[in-house]
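So, here's a batch of structures to check.
Note that subunit A is present in both complexes that follow, paired respectively with subunit B and with subunit C.
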Partner chain A sequence: MFTLPDDQFMGLTEITILLIAAFAYILIVPGRWRGWVLLVGSIVGMYWLFPVQNIRWLEYGLATATLVITIVSWFITRPTGKRARKFTNEDRLVVVIVVLMVLAFTFAREVDFLDSLISRPPPLPSVAMALLVVGMLLVLMLRLPPRLQMTFGLLAIIGVFIVIRLPFLTTAAAAFLRQNAGQDASLAAPIDIGWLGFSYVAFRLIHTIRDRQSGLLPALSLREYLTYVLFLPAYVSGPIDRAERFLEDDRALADTRLQDPHRITVGLSRIGVGLFKKFIIADSLAVISLSATLVDQAGGAGSLWLMLYAYAFRLYFDFSGYTDIAIGLGVLFGIELPENFNRPYLKQSIAAFWQSWHMTLSNWAKSYVYSPLSRSLIKQRKLSNGQIVMVANLATMVVIGLWHGMTLPFLAWGLWHGAGLTVHKLWSDRTRKWYRGLRDTPNKQLAWEITGVLLTFHFVLLGWVWFALPDLQSALSTFSRLLGGGA
Partner chain B sequence: MDESTVRQQLRDFILEDLIRDPDYDLEDDEGIVSSGLIDSFSLAQIGVFAEETFGVYIPDPDLTVAKMDTLDLMVARILRDKK
Partner chain C sequence: MIGWDWLTDYDYDWRFILRVIAKAALAFIVINLLFAVCNLTWWVNQISIYNGLVPGRERLPYGEQAEAYNLTLDSLDAMFSTHVINRPKAENEFRVVVIGDSSVWGVLLDPGQTLAGQMNALDLQMADYHYEFYNLGYPTLSVLKDLLILERAVQYQPDLVLWLITPESLHRPSLLDAPLVQRNADATRTLIERYGLAIDPNDTRFVPELDFFGRTMVGQRRELADWWRLQLYGFDWGMTGIDHVNAPYDPLTNDFSEDVSWHGLSPGDDLQSQLALDVLDAGRAITEQAGVPLYVVNEPIYIADGENSDLHYNIWYPNWAYDTYQGIMSENATRFSDAYSSPWDMILPEHFTDSPVHMDPEGTAQFAGALSGAMMGVLFP
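Coming up: the complex of A and B.
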């Protein structure tokens, strides 16, 4: 079972449509309108990509909720006090455009063609009523002092995340929503709520709130903020850009030479590489990759190992291929998204692996979990450095694990990597000087480097067992069978 | 506190507490994190050291390899906010 949130990839049809849109954008849109087109296009694209849900109107509701949460996050992260940024006419215009779009989508239900395009919206009066209630709640929240608004915002984002990721809470929420939509609540299941892209949106929002708290976040207009969070090529599965970096590209859009043949070649070749990695290599490997179904059909340890290797490479080619496509599309649209992979399976240590696998996620976790937690524990001076390293690594990797899904196998996968990083840190602290000395004996150094790569790769490989299988029992029995034991 | 004092105190801290090799010949523009001499945890330790010794709080997203890889970068970052 392939249970990544990153699993919510766009298909070939969607990628082709985005490619056509990119060329229309390059050829038709004047420089000064590019930012606006990216915003409107990303919003339309988000509604269009949202998968149809089991609960009536939910895809429309979730897409609209994403917009509301993002606008509220912009509001609470605006600079206040001496450096306060006044609301501009542009900000007001964006609010009007967004509200008109949300309302306009409800008319799509009256038109057969648009009905299938804009995921089944509810009737206009219900939307207007819902917007009114949300608006009133927001007015109440915005009466709080700015610091409390941000704390409240952070807790709300994490709360929503837990509800849609923790199976029993998701089921309860689904039952509530089913009841509201006049559907059978007894059929509620976690699969009922598929909030496209929320895990990535949440990371971007938390980054902006935390950076406002520490004074790092630049002042963004509402248009810039919304485009940063919802930028369509990166909306579904990342990479997780940083606001200040995105802003540089966004503000330069009017003068970016998008029609430059070199730029177009770079974008298209990156997309080509991505398509090949994802749809040819990864999809071929999928046939023999470790999964809950295939694991029962494996004859012996040999075929299980083969499935595990296939899974590891499938995961890499699938996700890094998707990232290539997102980055390539970004280049065409004038936004250079950050890299997410740097040959992760060729690294000599587990620490180096995590600096090269899903890099934007691990950098996020380093900035907002590992580093603040380590610093706070160092300052308290209650634990030894070794203990702090262990706590910080385990906590960070558990957060990354549970972000993929709040289930026991993902928890185990997080602990596995947290333990690996801790052991590596303790080992490297004790051997660093000796290892530097190896520079004088190149052959010995090469032998250690190869050993490091093989050990790291196989540690990661075995970790994927937790990741690939749906429950602890099947993961444990697979470990036993891989090592030659019985099920 | 001038630049040379900040640089010397930071160098001593890195050599004695982080690399744990006081005789190591650390260059000002040497990539300390990228070369594997110190790691992410050491950057967190440098964050606490800067706060407690120089009164400069470096936000967590700035404690990265790109922004803190050399002694030069670290000193510049600390002096930027130490006014």
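Coming up: the complex of A and C.
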């Protein structure tokens, strides 16, 4: 079953520590060091937040792999041209700092204090050896042409994503890792590999690679790139910022007035609102939200509807609460992260819903799935406009669905929304003129707007059935029961 | 920040922040003081969605399994406010309250399979009255804990109280082992004093009285969180009717050693002094004062047939101790105006589950049938 965005790893304790860190940063860190502190802090924070895994050393391995993948992605997304691709001293310094940090974390085995920060790291020689191998592979990569590097990188990221999202592949990978760690491979299960934040990391990396391919990505130093991808407030649950926007804030950090009452008030208010949404509203609703267990136990259709409403609002308050906290922390650190939600359940159409629900993901999907696919289909001239809209919508929503988990219910959820968007597009194309005419009759227009909100909300609401339940069978039987039928 | 104009449009300065901090601090102090001085937690515990928004629970909240939508509380107010007994009594209702230990509460049984549930299923009627049985049993073996519940129960207009006991729940040194008793120290001490019970009111097992900080909202956060969780679980209870998950258990021991001691006592020792009969007297006094008949029942126990079963009835009771207890209770039956019965051996061993007093649904149904007959005999001799 789908779990909300890695929320078990950002509890009140972690958020409080981040808040204290933010104030220490505001009060102590001089402007010119802020960027460096964000980088080092984000790396330390990532290792600290990584949950303990069933497989020996894996949490350390996955955190380190995230760093390696990000550095490789930076490497392949450098601008073309000999001068532009040259390493600067700052880049070299970042590599040294990162390598030293990765090696230093292995001492957590010996130092009690570090042990609570980074759990169960492997011995230093093993890590040094692994880093050496990675370094050699990087040198080999240097010999590939940049275009090939990017294609290879893109496929590798998607490949890793598929492995950790497709249950049978995750199990196979877990079995392999268990065997290598000297553990019982027969106990391998998808939960063995919990790669914290990788969904968001992967989307940021794909965004930079695709934008480099299309020449849109500005030149980023390794420090800027790593900070962008790993920025701790947004690492676990987003939002998915764009590199060029992040860069503006990052480069202005030295001159940004952080000890500013307006900034502090806004930042703390967002965090306060987020905490209330997440830990009071969402966590309370979680007790009565739709789940496989409750669906099995519950009685009539009324109960199921109650659970479904609770689930819909829980999901919203949980996710938007985390976003508020991330944005609030970002404001305190001097980075203004993008909004992710804008009253989505009050929108009059499914298209408007997707422009206000998990907006950074929708924008990402629009930029890297919908638009390229539509353009490609238009160029091919094989399909009608309506068919192109349908294919592009379905493909985009399927990608978003599978991003949450590569299972049939998520596929169904993607198709549900893809179909909804297509029907809405066809409907709005045909009714646009009539709808404009409603301006002269405000009461009618209001009635139609309310109807639109209710219809959209309930379409989304029913869609959550696919999202909340672990298999198609239980989702279909829940639909039947919701509508008064039998199981 | 889209949609956050209300926050970002205002021009904040340091004075604004100081004002907010000062007001928040003041509000925090005032609320905490109010909690400490006015005992607001008590008022909060009176509020309940049960018997209104959601159906009342058929047994008192107990357990720590989230999947059972249940939790263990310290507050008797909160516990009773969730119970189905906390609803208006119907005109033709003959209200019977059943108190006792975990066997009455119904460990490993669904609400409808408990003793009270099975007795309700018998749909007993007499003249114009319909019998409604209320399960006020609560796990842990202590008649002092039962007394605490009984004192509350009589406030809910019962017409009869059934009190199920067993020697373990009467064992005087263990009376204060029940967490509910320990955490309701004031109420228990009042009972000790009022009825002259032979229990040390200063026993160290009582949870010390809350200090000022403990009574503030911060000090009461656990109580308040429990209350909130209890209300939320009400929806799950209403939707599922589940308040207990029947976990797998080990079968009862059928073979025993030759050691026949019972709580350090050996055959020939003074058992009566170890049995808290004065607590039963207090129960009788409470019910008499409320004008409610009390019917005390010695609950059925598992009777083993394995090794050394000639010395032990079961893992709890050596034969001599249980037989002596039976004799003491028979001699003292007049204390209860002869409203005492002991169907201790009426249920076959195969109907017991994980403890010598926990029965399966069939065993409980048999017991309910027998008990209802005996009860009618007491009520209408």
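In this section, the second predicted complex is superposed on the first by the 476 of 487 C-alpha atoms of A that agree within 3 Å, B and C clash if a C-alpha of one lies under 4 Å from a C-alpha of the other, contacts with A are read in each partner's own complex, and residues count from 1 in each chain.
Keep this in mind: a contact is a pair of C-beta atoms (placed from the backbone, for glycine too) under 8 Å apart; a residue touches a chain by one contact, two chains touch by 3 or more.
Just so it is clear, the model here is predicted, and its values are computed rather than measured.
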item	value
Subunit B versus subunit C as contact partner of A:Ile327, first or second or both or neither	second
Partner chain in contact with A:Leu306 - subunit B first, subunit C second, else both or neither	second
Partner chain(s) touched by A:Lys347 [first = subunit B, second = subunit C, both, neither]	neither
Partner chain(s) touched by A:Ala298 [first = subunit B, second = subunit C, both, neither]	second
First, second, both or neither for A:Val266, with subunit B first and subunit C second	second
Contacts of A:Glu339 with subunit B and subunit C, given as first, second, both or neither	second
Which of subunit B and subunit C A:Ile288 touches, first, second, both or neither	second
Those residues of subunit A which subunit B touches in one complex and subunit C touches in the other	none
Residue numbers on subunit A that touch subunit C, as the complex places them	261-262, 264-266, 269-270, 284, 287-288, 293-294, 297-299, 303, 306-307, 327, 336, 339, 342-343
Subunit C - residues contacting subunit A, complex	1-4, 7-8, 11-14, 16-17, 20, 67, 69, 228-229, 232-233, 235-236, 238-242
In the complex with subunit A, residue positions of subunit B that touch it	19-21, 36-37, 39-41, 43-45, 47-48, 51-52, 57, 59-65
Touching residues (chain side subunit A, partner subunit B) in the complex	207, 210-211, 214-216, 242, 351, 355, 363, 366-368, 370-372, 374-375, 378-379, 385, 388-389, 392, 425, 428, 432-433
